[in-house]
Every structure is written in C-alpha cells, then in structure tokens.
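Input: one structure, supplied below.
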Amino acid sequence: METASISLSLDTVWVLLAAALVFFMQAGFALVEAGFTRTKNTTNILIKNLMDFCIGTIFFWLIGYGIMFGAGNGLFGTFEWFSKVSHGGALPNEAFLIFQTVFAATAATIVSGAMAERTKFKAYILYSVVISAVIYPVSGHWAWGGGWLSSLTTPFHDFAGSTVVHSVGGWIALTGAAILGPRLGKYTNGKPNPILGHSLSLGTLGVFILWIGWFGFNPGSALGASNPGLISHIFVTTNMAGAAGGIATLLTTWFRYGKPGLSMSLNGVLAGLVGVTAGCDTVTAGGALVIGVLAGVLVVFSVEFFEKILKIDDPVGAISVHGICGAFGTLMVGFMAKDGGLLYGGGAGLLISQLIGVASIGIWSLASGFILFNILKYTVGVRVSEKEEENGLDYYEHGETAYNM
Amino acid sequence: METASISLSLDTVWVLLAAALVFFMQAGFALVEAGFTRTKNTTNILIKNLMDFCIGTIFFWLIGYGIMFGAGNGLFGTFEWFSKVSHGGALPNEAFLIFQTVFAATAATIVSGAMAERTKFKAYILYSVVISAVIYPVSGHWAWGGGWLSSLTTPFHDFAGSTVVHSVGGWIALTGAAILGPRLGKYTNGKPNPILGHSLSLGTLGVFILWIGWFGFNPGSALGASNPGLISHIFVTTNMAGAAGGIATLLTTWFRYGKPGLSMSLNGVLAGLVGVTAGCDTVTAGGALVIGVLAGVLVVFSVEFFEKILKIDDPVGAISVHGICGAFGTLMVGFMAKDGGLLYGGGAGLLISQLIGVASIGIWSLASGFILFNILKYTVGVRVSEKEEENGLDYYEHGETAYNM
Amino acid sequence: METASISLSLDTVWVLLAAALVFFMQAGFALVEAGFTRTKNTTNILIKNLMDFCIGTIFFWLIGYGIMFGAGNGLFGTFEWFSKVSHGGALPNEAFLIFQTVFAATAATIVSGAMAERTKFKAYILYSVVISAVIYPVSGHWAWGGGWLSSLTTPFHDFAGSTVVHSVGGWIALTGAAILGPRLGKYTNGKPNPILGHSLSLGTLGVFILWIGWFGFNPGSALGASNPGLISHIFVTTNMAGAAGGIATLLTTWFRYGKPGLSMSLNGVLAGLVGVTAGCDTVTAGGALVIGVLAGVLVVFSVEFFEKILKIDDPVGAISVHGICGAFGTLMVGFMAKDGGLLYGGGAGLLISQLIGVASIGIWSLASGFILFNILKYTVGVRVSEKEEENGLDYYEHGETAYNM
Amino acid sequence: MKKIEAIIRKSRFEDVKNALHSAGIDFFTYWDVTGIGNESSGAIYRATIYETRFIQRRMISFVVRDHLADGAIDAILKASRTGELGDGKIFISDMLDSIRIRTGERGPESLYIKD
Amino acid sequence: MKKIEAIIRKSRFEDVKNALHSAGIDFFTYWDVTGIGNESSGAIYRATIYETRFIQRRMISFVVRDHLADGAIDAILKASRTGELGDGKIFISDMLDSIRIRTGERGPESLYIKD
Amino acid sequence: MKKIEAIIRKSRFEDVKNALHSAGIDFFTYWDVTGIGNESSGAIYRATIYETRFIQRRMISFVVRDHLADGAIDAILKASRTGELGDGKIFISDMLDSIRIRTGERGPESLYIKD
C-alpha cells in the first residue's frame, strides 16, 4: 500500500513535469514561427501562439477531453462537459488532463506557422476553438481514447503522437495554407521568391526549446516512471533522432544547395524529433538514428515539393515537418519496431495497422480542416486584405508593432 | 522506514525541481521588463534583473531566512545568521532554503519593472538588499513563518504567495514608481504618451517562461509530492487561470480599444497566474477560470487607473499585475475556497482573514517601501539626471549599450 | 524489492530530468556566443552550436562512451561501438548514457565561442567529432571512468566537472583561439580594440538558461536522489557560487573600469558556477560563496590577461570562464572540502591530488587541442579568408544572414 | 546629372522598383526612414490609444543623367501613388559629379555600363 | 526651395520637432545615423575601456520654401544647442523641384496644403 | 563647400575612415543602406537558391571646403576600390551653407576648428 502510493506520487511527478516541458514547446513554436516570418507580422504571430494555447486549455477542458477519453464508442468518446470522465488509470485524473491539454495545444499551434503573415486573427481564433474542442479529440479518441484504431487486431502504434498530434496539425496546416493561397509576392509567374524570416536567433532558440520540450513529450507519454528502462530508452531515441535529423538536413542542403543552411537544419532537427515520436519506445537507438536521418533528408525534399511543385506557401515548413515526417515516422514503426516490425521479422501486420492509422487520421484531419477553413472563408473570411498584408498585420489587426528600436 | 526515506527523496526532488523552475522566472522577468522598455535602457534593466537575484540569494541566506522562519514571535522570526534555523518539516533544510530563496528573489525582481528607465543603479542595489534581507522576510514570517496571520482562528490562506510574494513586490513597486515620478515625456500636460517597449518578442518569450515557472511556483508550494491529487489539481488551476486571464484581457482590449492587443494580453496571462496563486490548492478548475477571467479584466482597468488617473508611470504594469491582482486573488479565496469560502457556505470567516492578511501585508510593504525609497532619495538619490535619462542609462551608468547591430 | 525498484525509478527520473536541464545549456551557450559576437556571423555561431550537439550525440554514442566508461585500463576505456558497455551502477545504462552525452556536448560547445567569427565551418565540424569521440572521453575516463586519477590514494575529486568538462573545453578553446589568431581589427599595433557583441539581451538570457542548466549539471551528478540532503546541498552551493560570482565581477568592474558592466558580470556568474562545480558536494554554502567571489574576481583579470598580455582573442571569455575558473575551482576543493580539505585540517593530500588532476588533464587537452587544430590548419584549414571574415561568415559559409529586419 | 530622392510608402517599394527598372533605372540606393507629414495613423500600446504622425517610409535615392530624369520621375509617380494622404514626395536636385569607384570613371559615363 | 539637413543629438529630437512645428514646419523625414566629429565619449566593453568617436545621432531632412528656411534654421539651432562638443551641424542646399506624389503637384505648392 | 556622398562596401569602411583621416577629414556621418546596381550575389534561404541584387552598403556623407574635396575623393577611391563589380559610387554636389550648431558659426569656418 505505502509503496503503491509512493510510486503513484512518482508517476504523477513524472507526468506533471513532462507536462511542464511540453507546455514550454509553445514558446518554442512561437519563436520559430516569429523568427521565420517578417517583422511587420511579428505581433500577430506571437499573439496567435499565445492565444491558441489559452483557447486550447479552456476548450479541451470544456468538451475536448470528454470526446477524446470518454468511453463512448470506437469513433467518438462522450459528450461530457468539464472533463468529467475518468481516464481509467491510477494516475490522478487532473494529471492526465493537464498532460493531454498541452498535447492538444501542440497540435493546434502547429497550424499558425503554415498560415502565417496572411490569416485573419478572428478566423484563427475560431479555428483554435474547433481543433481543440473537436477535430483533435476525435482522431485522438481513435488511437488513444480506446477507439477503433487501438482495437485493431494489431493495434495502431503511435506512442507519443507522430500522427495523433503532429500529423493532425500538419494536415490541417496543409488545408489552411492551400485555401489561403501564398503570401503576396511569394511567386512571380510560378517561381517562388524567398521571403526571409527576420531572426534566425529566435528561430534557433525556438528549436532548442522544442527539443527540451520533446524530453517531456516522448518520455512523459509513458505516463509514469515505473519502468525506468523504458523512459531512459525514450530519452536516448528521442535525442538521437533529433541529432541525426539535424545532421542529415545539414548535409542534404550542403550537397544540394552548395552551402550548409541553418534555417533548413532547424527544420531537420524537428523532422527527426517528429519522426521518432511514434516509435520512440520500440525502436532501438540505431533505429532512431535511421529514422532521424531519413526524416532529415525527407523534410528537404518535402519542403521543395510543397513550395515548388504544389506552390503551397508554408513560411515555416510546418506541413513537411509535422505532416509528412509525422506520417513517415509512424509508418517506420511498422518496419523498425523491435517487436512486430517488418525488419525484425514481425511480418506486415503492424505495418498495415500503421498505414490504416496514418491514412484514416490523415483523411479525417484533411477533411475537417478543409471544411472548417472553407466555412470560415465564406463567413468571417480567412485572409486579410491586400492592403493589410502589404502594410503588415501587426498594424491593422493589432495596432501594435513588435519592434520599436 | 525505507519507504519513508524514499518518499522524502521524492518530496525533495519535487521541491528542488520546482525551485529550478521558479528560478527560471528571473529570466522571464528580465525579458518582459527589457521588452517593454527602450533600447537605450536595456543593459540597465538586464543587469538589475541579474543582480537582484544575486543579491537576494546572498542576503536572504545571510539574515532573511532567519527572520522569516525563525521561531521568534508572531511578528518577527529570529535574527540568526546564515539560515541556521530549522523550518520544522522533514524536508532537508537546504531544499527548503533554496525554494524560499527563489521566492524571495521573485518578490524583489518585480519592482525593477515599475521603476525602469529612470532609477539609479546604486539605489536599486541597496533596495534589493533591504527587501530580501528584511521587508519580504518580515511579512513572510507573518503568513508562512508561524507568525500571527497563520495563527488567526481562521488562518490567513495564501498558498503560494499572491500576497506574500506578488503583492509585496507590487506594493513596493508602487511606492518606488510614485516617489520616482514618471519618465521624461510620459505626460504632456497630464495626458499620458505611449512609450513603446522595444521588443514584444522578448516580452512574449518572457511571459511563456514565467508561465512555466509558475508550474514550479504553485505546485512546488505543496512542498512535497505525497499528495499527487493535490499537485495535479494545482497544475490544472494554475494553467486554467493563466489561460483565462489571457483571453479575458484580449477581449477586454478588443472591445475597449478596438483591437486585440498583445502587450496587454501578456499582462493578462500574468494577472490570471498571480490571481490564482493564493487559492490554487483550494479553488476548483472552474473557480480558477473565474478568477483568471476577473483578473484579466481587472488588470486592464487597473493599468488605466494608475496611468491615467493616478499618473504613476509603470512601464511594465507590475503594480497592477502583482499588487492589485495579487490582492484580488487573495480575497477571492475568501469567496471561492471549496472549504471555507463564502460561496461554498463557509461563511465570512475566511474572507475576513483574507482581508486582514491583504491589508496588513499591504500596509507593511507600502510603509516600508515608502520609507526605504525616501531614505534612498535623500541619501544616494533614486533618480538619474535628466541628461542621463535622455541619453539612456546604459551609456551613463554602465558605458555599455545592449545592441550593436 | 518493491521499494528498491521505486527508488531506482526515482533515481532515473532525477538523472533524466537533470539531463534535460543540461541539454538546455546548449541553448544558453548558443545565445551567449551569438550575443557576444557580431550580426554578420550570427548564423554561423548558431549553426555551430546546434551541430556540435548533434555531432556530439552521435559520436559520443558511437565510440566516446566506450572509451570513457569501458573497463579498459587506467588510461583508456575500451574501444567498443554503440556504447555497449555497462557503467556498473544500478541506473539504467541509457539513463547514464544520455546524462554523459549532454556532458560531453557541453565540453564540445565551449570551444565555439573562443573561436568565433573566423573559424571555417568544416574545420569546426571535424573538431566536434574528435572532441566528443576521443579527447573528452579519454580524460573523462581518467577521472570518472575508473581511470588512474580515480585510483590515486586520495582520489582526484571533481564532482560535476570543473576540470573534466569545463577546463577541457576551456583549454582546447585556448589552443584553438591561439592557433587561429585574433579577428581582423582586434588589435591595432598591439592595443586591443573592443569588438562589441550584437545583443546583450541574448547574452543575458543565455546566462539565465545556463544557470538553470547548472541545476541539472551539478545535482544531477549525484546520479540519484537517494541522498536528499546531498542534492539539496548542491542546489544551495551551486546557486550561491553563481550569485557570488556575479556580484564579485560587478564590483570588480565597477572599481576597475569605473562603471558596473553587464557583459563581464555575465561571465562572472558563469565563473562562479564553473568554479563550484568540482566541489559543489563537499564545500559548505559559505565555502561556495568564497569560491564564487574569488572566481568572479579572477575571471576579470584572466580576461584581461589573455586579451592584453597574451593577445589571444576570445570573443566570449570562454578560456577564462571555463579553463581558468574550472582549474581554479578544482584546486579550491583541496582547500575547502569539508572532508579532506587543507583548511579543514585534511592535510595536503587532497590538494596534491587536485593539482595532479588539473595538471594532467590540462596537459592532455592542451596537447590534443594543439595537435588537432594544427592538423586541421594544414589540411582543411581552420581560418576563413580575409574577404570572408570582412564580409561575414554568414554570407560566405552559409548564404544566409541571421537578421532581415 | 540629377539626383532624385523619393520618400515612399514601404508597401509600394516593390512596384516602384519594377517601374524604375522598366524606365531603365536599375541602380539605386534606399534606406528606411520615419516621416512626419500630413498623414497620421491610429495605434494602441497597452492602455493608450494614440494618433501618431510618425510613419515608417522608405527613402529611395539615385543619380541619373538628365534625359532619364523625367522618365524615372513618372515611373515613381505612377507606381507609388495610392491617392491617400501620405503617398510621399519626390525631390530633384543637381549633382556636380559622379564617380564609379571600381573604374574611376567620372561624370555621366559613371552612371551606365558602356558596351 | 531649400533642403535643410540637420544632424542632431538624439536626445534633442523631441525639442527640435516641437520647435520646427512652431516655425510652421510640420513635415520632415528623419533617420538615425552615426556621426564622427570632434566629440568623443568613453565607453567600456568587457575588459576594455575605450574612447569612441562614433556617436549615435539623428538626421533630420526636409525641403522648405525659401522664405521659411531661416525660421526653420533658427528653430533647429535654438532647440538642439547644448553648447557642448557634438551638437551637430545644419546644412543648407538648393532643390530644383519637389513633387507631391499623391496629387502630382510640383514646385512650392507641393510643400504646403492650400486651403 | 561641397557635399560628398560615397556609397561603399561595408567591408571597406574601416580603411576608408582611416584614409579620410589622413586626408584631413575627421568628421563625417554615415548610415547603412541597401544598394541595387550591377552587382548581384547568390544566397540561399531554406529550399530556395536565389540571386539578389540587394546588397548591404554603407553611405558616407560629409561636407568639406572646396580645396579639400579632391583629396577626400582620392582617399575614398583608393581605400574603397577592390576592382570588383559593386565597389560603389561617389557623388559630389554643392552646398549653399553650413552651420555648426554649438557655436552658430556659418559657412566654411563651421567645417573646421580654428585654433
């Protein structure tokens, strides 16, 4: 008994501190997105990052949590106000709630970067409400809330959310950026022009903050410390993939563009971290290295693909980092999971479940994102006027400029 | 026995990590205060924030801790050098000491923001010594050191320091700002002019850092993890109030000034966090939401009141955020405490104790602040010369400018 | 049994969270180094700080760990790929690995600051590989891997790495900076010119981040939480020395240069922290204060000595902070260790062991650094062309500027 | 040789650049300035709503041979006009001489590349 | 039309702005510059105390009709003088023409609002 | 009195400053500008390799008495030339008058310290 209560305390401490680290990722996203965009829109991107967390906190608590973790059925939890559903485990319900809250807010904040520098503030606020209250919780229920993906014969495995969190954010970002259209001046007769971010110092600090946040994101998803070997392993795989992603992207840019680039390498670190998130518990350190390297290469070509082929303007690379690398990492589990992975003789079963998960959640988020932003487009409107965009959203939407040197 | 020692280890880990997070708030304050002021005074505000922590560390250890936690009497602990008093509990004394040290330094650093851009460095150094060595410990003793406020029939309840820490800093900031007078050019025949802060990027990062620091500040004040339900609950209430404060301020500025403002919303988040600090353990999540919303609205009117009516120049809003919202949040405990709160049928007893605490500590800090800054005024002087102020404190006081682009 | 596993979980949690904090120091170093150098080289310094961690992660895992902790002999561990050696203790091997990884990366990243604004990126990459794979692990083995320094009759005592981590980085930085030569325009006929760092805001934030990182660096080196008194004590001594260092430097600059300077005081805080790292477990709080004060004074004269006498150009003061103060702090253990220190009647035994450790590791790192950078100099080259240096490394080495305001 | 200085809205810069290019002016120097004039704009900072007459603008400056001046001016006028208060000004003054540092060429020929 | 360029102390800017206003000049353009001249100031960076002759200043530039020039100059002189080394300079030059982009008005009338 | 404006490479600034000093010019005002001209340079941002004709430069501006102009110009020419595209330009124009704010001196004597 005594010992049981101590280990419960320890598990709680672990989850709460992990939640604090994941919360800190909000600052990381804010800095990366601000650093990769222009000063005339800095106030706007900062306030969006601040508000999507505030809104996420409240609406996920209001109804999202119930939809995600309520018993309900395979598709949908329960519509229960104020998170009044138990998550089952021994962990205090509020420890679980806060941990899930910061996860929901992570999915939400991914989108602002891809839609930066041209999205109406009001539309963004409404989007934030819907994703934290409904979109994220529904697919979250499928995989983590006892929904159908978790009851496949070989259950879909997304340990910390490559798909459940990052891809969801990434795919919705894709629909948003596509529906908005590129920023003014981004393309001149089809050729993309670089629109330089205003501070790589902010961007780099942001990535370091995201990285430390991931040490809460992945190991925290163990929801306890009773298995010290596991959480230690997750620390190693998480860090390994981030490092490998950074180096892989650095070398890719070096070969491909002639010089080692920082702005892409920052994406590369994130690509590796996102990629390993699904399998951080079940791949080896070497496996994490492989996933990181592949994600680091993939992100470069993905960014090029969206920018040059699809001509979808994503100022920070959120679609590639979170959408593409999230899906990629989830699939890699099918190959590289020590138990059940194809390369470890586990057959195709897991891989197929992963495919099903990636596809179904992908379709869900693309569809709901598409519908949501179209509704917003034809109601409050999603894009600011040309004049506002030219002069900067800070002035027109907020009346406040970020820098007064 | 064995288990006792493990749970002691766990409590210690909890308190130490919380102390680390609270320490980090120093960085948050430094960034907010730097971001909300002008580049010609950035070096000065940064060095003040760095030094008040260094000084706080040493002088609180030298005598402050003894005054605050020494048995002594109801009004005053013991005058004992080098923190050589035991705090009673099982927790290692040094764990308790470091946790209390970072709290003392928080109270101290609040003041620099309100007195920014015109205060003599030497005066600020001396102020830092006095608050950490004497002012804060004395009122701290009343509430937390076994003093008279903790021995009222219904004891004064300030769980993590809305009053003991934040209001004390806020009220002293008020006396300081009032005695200094407004910055040159702040008022033209009574009408306030905006003096724009130089970087909302720094300001926003600062608020995110303060927010994560609060996850140490409030849950850490449980001084242990033996009650996992409690610390989980505090995580939820703390986060809820911060989020609610941010949204409430955003909407208030939107309605009142026509546009949603970032600089005020940053204050709003802090207002919510300060407000819930006293009752984070005893109010419900819904209660935290209410406190956050009210604090978020209150802070806007408070800032206007000090700026436009009292004409006290507080560049960062420290008086309103920490002084006013700290007092407000402490009183709200009297209404919203699940056990003892007026709205929960607990009668007026607690509310009265809260009033007594807020009033007595308010009077103490206003009085001591008033005396301290007047002494400094007529000895070393508190305000720099007009010429120094015009040309910037960085150059005259430090010979170093913060930015050399 | 039960309890044993819980306390193992707790120790693991402690070490992992400490590792996360130490990881965060990478961000601190990046900001300090970026803030203390010019905007035309900001991308370059940021990418170096990002990459040395990525590379350190991978190469320390590949071979460094084996060299450092493999049984081997007194001089050298075992040449074993993929960290496939056990570290002995009960702690999960991967918890130990990640903790040691972030330490190795700390030693590596110290160097970039001293070599900033003129070092070829390619050379820096290669240097990073060698230090994390070989140089750091070898001397690390001597002191921490069961090597000869740990088997002296009175074992060499460097609790958290004043010498093993910081001095190693500092001495290699010294050889690097010396071999590179000063930046263009640093000296006009022997007189040093100030080359102003571009942002003290970044620099100050960096120091606060390093400071919180130290709360992982030192207490985490207890490798567990089973001794709550010890880790609490380390928190106190660490914080005390940092605070004392900051104040001591502030006063030193005030007396010596006429004004209290921020850029040096930032170094002073770090000097105190580096100084106490070796003895944080065994000196008293008062002892930590003394060490901090002395280190804070020492760093000023050391910076002057290298800049004005030796004319070695160290833009951020890394040699003085990490090399000199690291060695100093290690020696102070010989005097101030509660058990075994000269001033505590422990005789000269410990002091001599400390001397041996400081000297041997100093010689090793100076020698290997000297050889390494000379090899690089005559192969890939260590210094960029005059033209590249004049126009900035960002443009020539990376094609990306950090700021586009 | 004439020196043409145009103080324009930052938001019009791209168009002005292109217009100048079409007018055969593909060299100029610019920097950001703050302008005070008839235009004023509302802004908010913390609790204060205020009107500011300090407007961010861009100064474009270049020296052209006389026969190109009018074309350049028209180009700027067309590209930078919005018709609202605050479109800015163009100032024309005389230059005594111009030198291309690279070649040491003086006078008009320093202002174009002979081929 | 005359162009007046004044290089002043940043700390005098507010006063100069108001003085110009009283002198009927409520339009000008300014930007921050670094000046090198007789003034030098002591500074410290890390371990180095040094004298710098690079001083932060503000450049104010505007074009006025001739009859307003002297009043404007006096206003600047009065408002920007401290009597210490480094008060700055005022330069006066000739302008051939001025155009208000918004209206296309040329010459003097581009410099004021007819009512 | 002549006004000399030189648009140079930032990397040549130190040398130009010293050269001017030797030529007896120890006062000038400078600020950073962006230049568009014949020079273009390759750069990369994220996935895009691009050529930019926007080059960071420094504008040096000062007014000298006529007899010092040629020396100053030569000094700048020597110190700022690299021979590669983009060395920049020097423009010379006429100044009607100059005033030293501190003393009120007008004309040439405002440009040097009488001793």
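Chains: A, B, C, D, E and F, in written order; residue numbering restarts at 1 for each.
What we mean here is this: a contact is a pair of C-beta atoms (placed from the backbone, for glycine too) under 8 Å apart; a residue touches a chain by one contact, two chains touch by 3 or more.
Just so we're clear, the structure is a prediction, and the values are computed from it rather than from any experiment.
Colleague: So if I look at the partners of chain B and the partners of chain C, which chains show up in both lists?
Modeller: Intersection of chain B and chain C contact lists gives A, E.
Colleague: Quick check on the contact graph: shortest path length from chain A to chain E, in steps?
Modeller: 2
Colleague: I'd like the Å distance between the centres of chain A and chain B, where a centre is the mean of that chain's Cα atoms.
Modeller: Using C-alpha averages as centres, the distance is 34 Å.
Colleague: Where the CA atoms of chain C average out and where those of chain F average out, how many Å apart are those spots?
Modeller: 44
Colleague: Would you kindly tell me how far, in whole Å, the mean C-alpha position of chain D lies from that of chain C?
Modeller: Measuring from centre to centre gives 51 Å for this pair.
Colleague: Let me have the rounded angstrom distance from the C-alpha centre of chain E over to the C-alpha centre of chain F, please.
Modeller: Between these chains, centre-to-centre, one finds 19 Å.
Colleague: Where does chain A touch two or more other chains at once, residue-wise?
Modeller: Within chain A, the residues that touch at least two other chains are 3, 6, 10, 13, 17, 196-197, 199, 205, 257-259, 261, 263, 398-401, 403.
Colleague: Can you list every residue of chain F that touches 2 or more other chains, as numbers and ranges?
Modeller: 31, 43-45, 49, 93-94
Colleague: Among the chains present, which pairs are found to touch?
Modeller: Those chain pairs which touch are A-B, A-C, A-D, A-F, B-C, B-D, B-E, C-E, C-F, D-E, D-F, E-F.
Colleague: Can you tell me which positions in chain A touch chain D when the two form their complex?
Modeller: Contacts found on chain A: 185, 387, 390-391, 395, 398-401.
Colleague: Where on chain F does chain E make contact in their complex?
Modeller: Answer in residue numbers: 3, 17, 26-31, 63, 93-102, 104, 110, 113.
Colleague: Okay, in this complex, where on chain C does chain E touch?
Modeller: Interface residues on chain C, with respect to chain E: 192-194, 196-197, 253, 257-259, 261, 263-264, 267, 300, 303-304, 307-308, 317.
Colleague: Write out the stretch or stretches of chain C touching chain B in their complex.
Modeller: Touch residues, chain C against chain B: 3, 6-7, 10, 13-14, 17, 21, 38-39, 196-201, 204-205, 207-209, 211-212, 215-216, 219, 225-229, 231-233, 235-236, 239-240, 242-244, 246-247, 250, 257-263, 265-266, 269, 285-286, 289, 403.
Colleague: Quick one: which bits of chain E touch chain B in the complex? Just the residue numbers, please.
Modeller: Chain E reaches chain B through residues 10-11, 14, 41-45, 49.
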